[in-house]
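Chain naming follows the written order as A, B and C, and within any one chain the residues start at number 1.
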Amino acid sequence: MKSKKRGSGWRTLWHPNFGAPAALLILYIANAVFTPRFATVSNTLNMLLQVSTTMLIAVGMTFVIASRGIDLTVGSTMALVSIIVALLINHGMVIAIWAALSAALLIGLINGFLISRLKLDPLITTLAALIMWRGVAQVVGDGRIVPFAHPTLEALGKGYVGLIPIQVVIAAVVVASAFFCVRSTLFGRYLVAVGGNEAAARLTGIRTERVKYSVYLISALLAGLAGLVETARLAIGDPSKIGVNAEFEAIAAVVVGGTPFSGGRANVLGTVVGALIMQVISTSFNMLLIPFTWSLVLKSLIILFAVFVQRPQEV
Amino acid sequence: MAATRFLGLAGTRLLRLLTSQGALLLLLSLALFGSFRYQTFLTPLNLMNIMRQNSMLAIVALGMTVVILSGGIDLSVGAFVALGGVIAAMLAPAGSLVAIIGGIASTALLGMVNGLLVSRALLQPFVVTLFTASAARGLALSLTEEKSIAVSSAASGLVWLGRGFIGPVPVPVLIVALLYFAAWFMLHRSLLGLHIFAVGDNEEASRLMGVNPDRVKLVAYTISGLLSGLAGVVLAGRLGAGQPVAAFGWETDAIAATVMGGTFLGGGQGSVLPTLIGVLLLGMIYNLLNLEGTITPWWQLVLRGGFLLLVVIFQQRVVKTAG
Amino acid sequence: MNQATSTVLCMTDIKKSFSGVPALWGVNFELQAGEIHALVGENGAGKSTLIKIMTGAYRRDSGFIEYGQNSVAFQNPTEAQAVGIIAVYQEIQLVGFRTVAENIFLGREPHSFGIIDRRRMNTGAAEILRRLGLHINPRSPVGSLNIAHRQMVAIARAISFGARVLILDEPTSSLTQTEVSVLFDVIRRLKSQGTSIVYVSHRLEELYAVCDRVTVLRDGRNIVTQPLTTLSRLDLVCHMLGRKPDQVSKGVTAFAGRPQNAVCRSVLLQAEALKYQHCQGSVSIEVRHGEIVGLAGLLGSGRSETARALFGAQPLDDGTVKLEGKLLELRSPHDAINAGMAFLSEDRKADGIIPELSVRENLTLAALPTLTQWGIVSRKRQDKLVNRFMQRLSIKAVSAEQKIHELSGGNQQKVLLARWLCKNTKLLLLDEPTRGIDIGAKGEIQRLIAELAEQGLGVLMISSEVEELVEGCQRVVVLRDGQSVAQLSGEQKNLQAILHAIAEGADCQQAVGG
């Protein structure tokens, strides 16, 4: 690369391929030094476990943001999936999962229709849908928490493969396939083309509408998967608690990881790093006995800072 | 021929009335429906209750309307209401005046931060306000250690703001009336108002014509922050406590009320009085649901979201057919 | 000395470069009081740069501007506005939901203590509109007016600033015939009131209808300034395009010397009676296999619209398009591409490149489905294709992985051309394929187009360079105001005939297309 990016020092510091990983490394090392029992295998695995559902959603969000959209419905999708699984688990796991993921896909389909066909603003659309689907989830479960016992399903959230929690394995598989998808598949290439220059993409024969549909479907499906994992881990269907603030966590991971809101770039690995940064901060605050609420404040400020240093340059 | 022309004219008139005054017509028909179904509905007591209960939302929606008119969006209003209320409650021992001013000033300052990030740093409004919202919510929760803070008896003025009456009229309703009148005057009579409309309509053209869009946006977000804080202060007075979890999701209700009132989501077109009708419409829907009783509260969420979605779709259609 | 008193604005030896590339090489422009002065030139001539220097939107590198009796150097449009130099641009910048009066006075509303004096504003606006002879209600929203009236509002705004010099940039580009006459009335009225007008347009009739003098720019240089009464249309077009009708220049393009195969091949594209908005006439075009058909005409003659419509990128009001005898229904570019068409837009940046993606990705974007198996793009086949075309088109890039926006214009264009060549394309629609490209790359692209045609591709090429059309094309269709007015081939297809057709349209005695 012979071209030099102009801009302030901060901007170069937060270069997508450099800033976020460096920040993660510094944070981890600093914590290893200052926080007792931080740099242990069990704590690291624990952090990975806690971040895995966020990771799933954040990967979907990366796709959506790369297409110049936003999807705030992910948390509600998790809730709906959760209650459907819990209610239907007695009819068999396959049916329950099938029904739950179908519901998730339905949400994605409706989002896609409203945004790509009716050309509604993605923010307002998914904001309204966020509330609506949370309501639907509670209506379906009548507002109750539905506990269940189903060892096979619960293994999805609690089981281990060797040392590694199944959740983490799932997240890793999803991340790897998303990375591969962006890099090597037709869809991935179309995605960045549509996000990068929609008019040019259309003139190259890409059916941009379909790409946008797919993006919201993928996001909904991954949110559904995250809901499934979360439900399995807790062994309850909880339409009011599960997935609350999930959209916030996911957007944070994507932004901190360096996928710009201006679209055209899907930095899946960056999102992973972003999610890890946010998790390291939460964990270290937790271990240093700083209340969760202060960590929320600090995390918000960090994200705003990340957005600020990556802001579009005036042309 | 004259007759058909008259009919055609009446038809377009009706359509125009429907699109411009849809919220009002809906409100009236809902009131009519309610009065037939429940004797208690159309009583002065119930109506006054609806107005009182929704006066805080009305204040928030006013700020939202100003921001949307200027071409932006403010997702931080709900969290600002909570923060404003909490700060007022915490300052209450120092007296009402300090509490009220402290609560309002803190969120006005945060609103200004929103405005600066949007206008100077050129960040997208929803990104900025989404994360200032979480910061403000986190701050409200942190300051109170997630507990509700009772308003000290030293701040009788604060409580009066939320619960008092002047004659038969509750103070919050009076505040709403004053604010809406002032905002209407500001938007339609003052330079600032014209500039807010102009910037929301076509920022580039306004800039070329000598308007300073950065300053206009800064003012709009500051107004929204200030009004959210005021709503929080009134809420704290009414509840007798500052609650860090208060006003959750109010941003959606405020957006819904604004859009329902016919304010164009893209900015530049609309007014504040219809927003008030939008607020009352929402309030009446919730009130009727409560009276209905058989409908679980969960349906409220479905309706809230679904309603906003429908309104947005409807507006998109209207804009499209109008060209 | 006598002349000096009537001169309002005098620009001398104006130079301006953008990041080292000169846009103006020392241009002179002189405007007299109460004069309507046409400023014309093709793309890249430097008209808009000159206008922007006039209004302070750009700052000149060197040269003098004298306004009235003073030497001036505007820092921004506001300063120029304050002394009465105001431009009304093609994209009218108004605030649609606000009223006419508010638009006229926005930014300097009559007010006291921040409260707008609406009565003063409305009467003021009404007064100005009356001066222009317009019947527009100052209280109606601008958005409810038609485009012509919006333009009038923009002009009224300029007048309200006390404009002494009014610059109209393509004012008629989206007006109907009657609206144009309203505009002309206003312009003449302003002229009689002593306002000087700089009128930028490509429509020759209009220039001759309202303008007194014309200044022709080409490639950032003055070509001529002359009263229009002493300048024939043909001469004007020749000046604009930089050609003399009797000039014999052969071999200026890389097309020269290529065999112009007269072999009659089968018809590839048959487009009949294409119509789109604002245009009265219709366009008919036929392209055969292995033929390069030129599309000539001035800017705004419907050249680009025709190409875009053929590609399904712009809706057609009427007309039929057949490819190899098959009637096409073009709802989107996707349909056109499936039928075997390809399109290079004149606006590479907005409609061509995906700036943040690499040369490899941009080059293979259209062909991706053919490189894909089970949804996975074969990197190997992609690389092979990219290497082949980068070599064949000698695309200069650090590597195939370089981001395309870092490449020069010529190399970007080659990548975009390659995008379609690595796919099975039957018909190439090229909109100004060699504009804004250095000489070397230009020749290469021309050679390539000729080669492709020899291999049997049909090409429809839009160009403002008449040589390209004369030497490169077997046939040339001339458009004027959205209508095909002439079709020239063989001996008739020469510089003079094309210029003549562009200038005079259907009056010319050449074979009329259809």
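As a convention for this text, a contact is a pair of C-beta atoms (placed from the backbone, for glycine too) under 8 Å apart; a residue touches a chain by one contact, two chains touch by 3 or more.
Keep in mind that this is a model prediction, so the values were computed, not measured.
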Let me spell it out: compute each chain's centre from its C-alpha atoms, then which one is farthest from chain B's centre?
C
May I ask which two chains are joined by the most contacting C-beta pairs?
A-B
Separation of mean Cα positions, chain C and chain B [Å, integer]:
47
So what's the Cα centroid distance for chain A and chain B, whole Å?
31
Between chain A and chain C, what distance separates the C-alpha centroids? Give it in angstrom.
45
Which stretch or stretches of chain B touch chain C in the complex?
189-192, 194, 197-198, 201-202, 204-206, 208-211, 264, 268-269
Once bound in the complex, which stretches of chain B touch chain A?
73, 75, 117, 121-124, 126-128, 130-132, 134-135, 137-139, 141-142, 145-146, 249, 251-252, 255-256, 265, 296-306, 308-309, 312-313, 316
Please give the residue numbers of chain C that touch chain A in the complex, ascending.
311, 313, 332-334, 337-338, 343, 345, 350-357, 361, 365-366, 368-369, 372, 375-377, 379, 398, 403, 406, 419
Could you pull out which chain C residues touch chain B in their complex?
77-78, 93-98, 102-103, 106-109, 111, 114-116, 118, 157
If you look only at chain A, which of its residues touch chain B in the complex?
70, 114, 118-121, 123-125, 127-136, 138-139, 142-143, 248, 251-252, 255, 261, 291, 293-301, 303-304, 307-308, 311-312, 314
